[in-house]
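In the two complexes below, subunit A is the common chain; its partner is subunit B in one and subunit C in the other.
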Partner chain A sequence: MTTTSVPATSTAPITRTRPRPSVRARLSQPRIRGWVFLLPLIVVNAVVVIVPSLFAVYYSFTDWSGIGPATFTGLTNYRDLLADDEFLNGLWHNIIWTLFFLVVPMTMGLFGAYALTRITRFRLLFRVLFFIPYIVASVVNASIWESILNTQSGLGHVLGINPLGDPDLALWSVMGVNNWAWWGFLVVVFLAAMQGVNPSLYEAAKLDGAGPVRQFFSVTLPGIRPTFAFLGLMTIIWSFLAFDYVYVMTQGGPAGSTDLLSTLLYRDAFTNLSAGYASAVGVVMALISTAVVIVYLVIRKVKDWEI
Partner chain B sequence: MSITTSATTVAPSGATHAGPRARRATAGTRAGIPTYVVLTCLAIFSVGPIVLFFFNAVKTQQDYGHSSLGLPGSWQWGNFSAAWTRANMTAGIVNSLVIVVGTAAITCVVAGFAAYALARLRVRGGSAFMTLLLVTSSLPAQMFLVPLFYAWAKAGLYDTRLGLVIIYVGLFSPFATLLLRSFMLTLPREFEEAARIDGAGELSVLFRIVLPNSLPGLLTVALVTGLSAYNEFLFAVTFIQNADLLPLSTTFFSFQQGFSQDYTLVSAAGFIMIAPMLILFLALQRRFIDGLSSSGLGGT
Partner chain C sequence: MDLTRRHFLTSSGAVVALAGLAACGKGPASDPSAIVVWDNLDNQDLVAYFQKHVVEGYPGPGTVRFTNKSTDTIDRLIQTSLAAGSGPDVIVTPGPSSGVTEYTKAGYLVDLDGYAEKYGWKSKLATWALEASRVDGTLRTLPTQYETMVFYYNPETVQALGAKVPTNQSDFEAYCEEAKGRGMVPIAAGNSDWKGANEWHMVIALNHGAGPAAVYQALQGDLSWEDPIFVDAITRYTDYFKKGWFGGSVEDYFTNKFSTLYEQLAGGKAGAMISGTWEFPYLPTYFGDKAGNDDVWNWAAIPSLGADVPNDVWDLAIGQSAGINSNAHDVDHAASFLNFLTTDKLVILQALVELNAAPPPIDIKQSDFSPGTDERIVRLYTTLSSAKTIGYPIWTFFPQQTETYIIDYFEKVITGDLSPAEYCAGIQKRFTREHAAGKVPHAPEPGVALK
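Here is the complex of A and B:
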């Protein structure tokens, strides 16, 4: 990479005039030294992420309660998962969640960003305003919408519905709130990508008589395809990790209508004291995101994309 | 993968200065009033709920009970001080400050060392290592949450601020490393080479030359990790139970769970929590937006 090519050109004239001192030669064992500089990162990442993840894989094959010894039970947890209605219910909600986030925020983000590329004034102002909900803590965002949606004095009262208490509506309400906090982030990322598209392509399209919509589909969208694909991938991965809004707003209720794999796992681990079973849920979640990443990498390889 | 996003997002945003302005002459004629109307509606959709939240924070309880969607009849500024004391927010702010500053500082050090190695020292297997970082940072937190919880309980780190800081550093430093690395790659090498020829070791090159020149990158990392630590909920609610050690996110959450009958005070407490970040964001919005949009942090 650049690390190897740049010094060769930039230092060569200098080093040739003055030979390196022998102390330097002893000290410069770059390969070893590099890893010494990486050590703090490796240690903290191993302690917090990698080792506990490996333990999770191990515990997923046991009946561990979280306290005391764990007995190896083989694939029992995984077999139980397949027959567990709560698990299948959570998985189904995660799939709905993923589809919703692939469609609604992506559309809003693309639309917002494209509209911003076509205006001259207040672009930065709109960018900031759209982005604000993203920097507000999820607990507070949840609370903001609980008071807006409430059935005594809010939208629930005005419209005569119970957005968070009706099993048919609750999941959609929570997804809507999470989308409200999320789509502005996509605007910003898409906007940055769209500003990298060669302007002469738009000029050419205009000369061919393409209107704004046609330009979007023929110039903008192909131009930002790497970003689009990447955000689609991350949307799928993140959709399987969604937790905060459900946990704060509905705790998975009413009647499991907003339960996700993450909230199910949390309940299994810390309320039902079935840490082994919860670990199995976690491993399934990890397998899903790994599979998504692999599919993405394969497509990228086949289609020869840059990112 | 974050490397590639930073390549697609950070780089063009640097070009915003020249690109769009150069295009303005032609672009300006394309969009008209309808575009502005739609964008304004979307802006109201984004910010309106936060404004309503502020209105609810200064309402009387009857006022709120009448409608949570309108202007307050009278402005109850006392709600803020009442919420402050009843939600135990002094402790919350102190704890959040300790956790945020600790996380941001340690992440900068850990990521500074690692980014320097990946940007400047020839590390055998460096690119494989970065791929590994990306893989570990896309693992679902819920998977390692449970073993980590019981490990922290054993190690005496459960229910301590230090324990939470270590977790945040572990979660955020891979992204911080990749962001800092791409920043360091843009720095000129001449000064470093000169210092090396004068016999400076790698540590003094790092501390005397590279890190001072990387201050903008470090500031971005500090802001992004600080914001993420401030807003983080899952680990905070799992790893801190002691009411005196709760950071603001869980201070607010437990206040809301206990006081849900008085939503004006809950709103006031929530507004107190988000106010510092709103101010910081508005003051440093470009750096925040560029840093956050190049990150894979905080998906939900």
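Here is the complex of A and C:
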């Protein structure tokens, strides 16, 4: 620390300058130090997320093949989207996909987790068994299920149906396979949340005569509501990003019956060489996710949730 | 031992420096002047052959560094690497209509006309293929493989059906009826492994149903794709699907894998298979010694499926094109390699004989083959060398977006979600746009000889 000494005989006005902390000292300040640690993440995020996103928004207003220069075309791509039956078909399938994953795996995950809270023996074993499909690569899962559903020698043959070849069944079949890998993850997360619910609440409910079902709806569900809401939010976002199972199992077919916005985007960008149009599809997907996040944030603020 | 910060930093620096030096080490795989080649050979025998005879056998100038990529991803990898200003020195595409125009307009492909003069490509490679490889009059790629569509059959099955290999529409329909009646799959077909298989069927519907003359006229913009000649041909062909003649049923067509088709053909469960000559390398696994059976495969010309359509139409297609990256380390070396790849008859014929690998469209005579070469291969390439009636495969002579539409929407026609007339209207809409933008590859006139 430095001090400014003033000669006693001096008549000049006394000026006091605050001591300037060294760079090291300034970086040591908690507030600054936080930003220093955050800086690499901000830079990486800007390079791999923000800048490409801005480019994608720009290219969505162009007629760009994905190769070479782009020609600005204004809102043409967005206008074309509204009249594109493939886009509307993909959007509709995404909505079905979202509703399915909001209902089926969430319900299975909730009841699976609740059932596990009721047992003590083999709980860990079941958690592992339920979770294993989630950690297997989606390409592997999809390929295995393709064989299982096979019409020559698999389940399709036994049942006399073609789950992946029938346009009326294909989307449900792919969703079912994806759900098989997904719901175990929800079990584990919900179980962790349920174990955080205060046990005395269950005791009180029991004293009031509540059975297991009543306890679930009156104690468990309110107790894990933030987790439930968060997973619901993520399910919606992930549903609009779903790609791998469809791509491996049906490539959007047959006859577009499993096409999602993501498979349409991929095809437009890399097969059709319409990267500008594909960018517009991507922007719409991002806008949908953004709207969902905003709704969630508003609800969280109103309800004063911590998560 | 305590690890001080100074020691930690010094040690970390040393590790990073060593790793960097190791990465910069001069080895065959990291020769910075090597000609970088990416290809998508999906058969390990082909990869081994390519590495030994093409990469290591290349006499120079320069050396070659080869990386094999997946067929599913190679186009995307090339597109993104070119956009980033890098990529392989030799750029391959699945034919001259797939991205070549876009690559050229973006300045990614070198003008090859000077090298064509230097290496005499005009006298070595088929004129139709070189013409199809031009963009705005300039040669941008060379054909590295050519192929055609054929009618595959198992002679024993044909005999069991009491039939002959069909050559016209009525024979074909009778053949399929007979096979279906006996509980067989008349024509083995499926697109589970490759959605692009849809366009193979459209090549047949258009060139053998409507006829190559009409297709040529439409490619010139002189005839609409909505003309009844196309609508009727597609209606006829897709009706065959609806009758279950292709793949067993429309649903099974969507889930049949290629291995299933070969097994059905070999085992007499299918009456025939319609596909391209690119199947040749895969068939020995299912027929004969390698498969441990006595089954035999053979091929014939695709039968005529329309009135006044000849029964010897050869759908000449370029299965792969190769150009040179404008950012290539040494363009002259890359051109020299391209010349070796497409015109070295010894290596090309050896690959053809050993692995049934599709050759570039060079002039192959019967005398070029060594004695003992598979008769089916000799017959195919000598037949093609003298072909007079040429069909126009979609992946060679149609522009990109029209091709994608044809592939994607074909499925809706066979499921009945789209009428053939609506399908043709969609083709016309996209083709008109791309024709106006000069994106339609050059097509040879019907009836011209190969050279």
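Simple rule for what comes next: the second predicted complex is superposed on the first by the 268 of 307 C-alpha atoms of A that agree within 3 Å, B and C clash if a C-alpha of one lies under 4 Å from a C-alpha of the other, contacts with A are read in each partner's own complex, and residues count from 1 in each chain.
Methods note: contacts are C-beta pairs under 8 Å (C-beta built on N, C-alpha and C of every residue); 3 or more make two chains touch, one makes a residue touch a chain.
Please read all numbers here as calculations on a predicted model, not as lab measurements.
Looking at the shared chain after the overlay, A:F270 reaches both subunit B and subunit C. Once the two complexes are overlaid on the shared chain, A:T76 sits clear of subunit B and of subunit C alike. Using the contact criterion defined above for the overlaid structures, shared-chain residue A:N150 touches subunit B and also reaches subunit C. In the superposition on chain A, A:P52 contacts subunit B only, with no contact to subunit C. Applying the stated contact rule after C-alpha superposition, one finds that A:S218 touches neither subunit B nor subunit C. Once the two complexes are overlaid on the shared chain, A:N179 sits clear of subunit B and of subunit C alike. Counting the residues of subunit A that each partner touches, subunit B and subunit C differ, and the larger count belongs to B. In the superposition on chain A, A:G256 contacts subunit C only, with no contact to subunit B. Legend: residue contacts after superposition of the two complexes on their common chain; A:G165 is shown touching subunit C, with no touch to subunit B. Look at A:G66: by the touch rule set out above, it reaches both subunit B and subunit C.
Residue overlap on subunit A between its contacts with subunit B in one complex and with subunit C in the other: 66, 150, 152, 270. Put simply, subunit C touches subunit A in their complex at residues 75-76, 79, 82-83, 99, 102-103, 105-108, 191, 195, 249-255, 260, 400-401, 404, 408, 411-412, 414-415, 417. For subunit B in complex with subunit A, the residues that touch the partner chain are 1, 4-5, 7-13, 15-16, 19-20, 22-24, 26-28, 30-31, 35-36, 38-39, 42-43, 45-47, 49-50, 52-53, 56, 64-69, 109-111, 113-114, 116-124, 126-127, 129, 133, 135-151, 166-167, 169-171, 173-174, 177, 185, 189-190, 193-194, 196-197, 199, 201-202, 206, 227, 230-231, 233-234, 237-238, 248-250, 252-253, 256, 263, 266-267, 270, 273-274, 277-278, 281-282, 285, 288-289, 292-293, 296, 299-300. On the side of subunit A, the complex with subunit C involves touching residues 65-69, 86, 150-152, 156, 162, 164-167, 250-251, 253-256, 267, 270-274. Residue ranges on subunit A touching subunit B, taken from their complex, read 1-4, 6-7, 10-11, 14-15, 18, 21, 23-24, 27, 30-31, 33-35, 37-41, 44-45, 47-53, 55-56, 59, 66, 108, 112, 115-120, 122-123, 126-140, 143-145, 147-148, 150, 152-155, 158, 178, 180, 182, 184-185, 188-189, 192-193, 195-196, 199, 203, 212, 226-227, 230, 233-234, 237-238, 240-245, 247-248, 261-262, 265-266, 269-270, 275, 278-279, 281-283, 285-286, 289-290, 293, 306-307.
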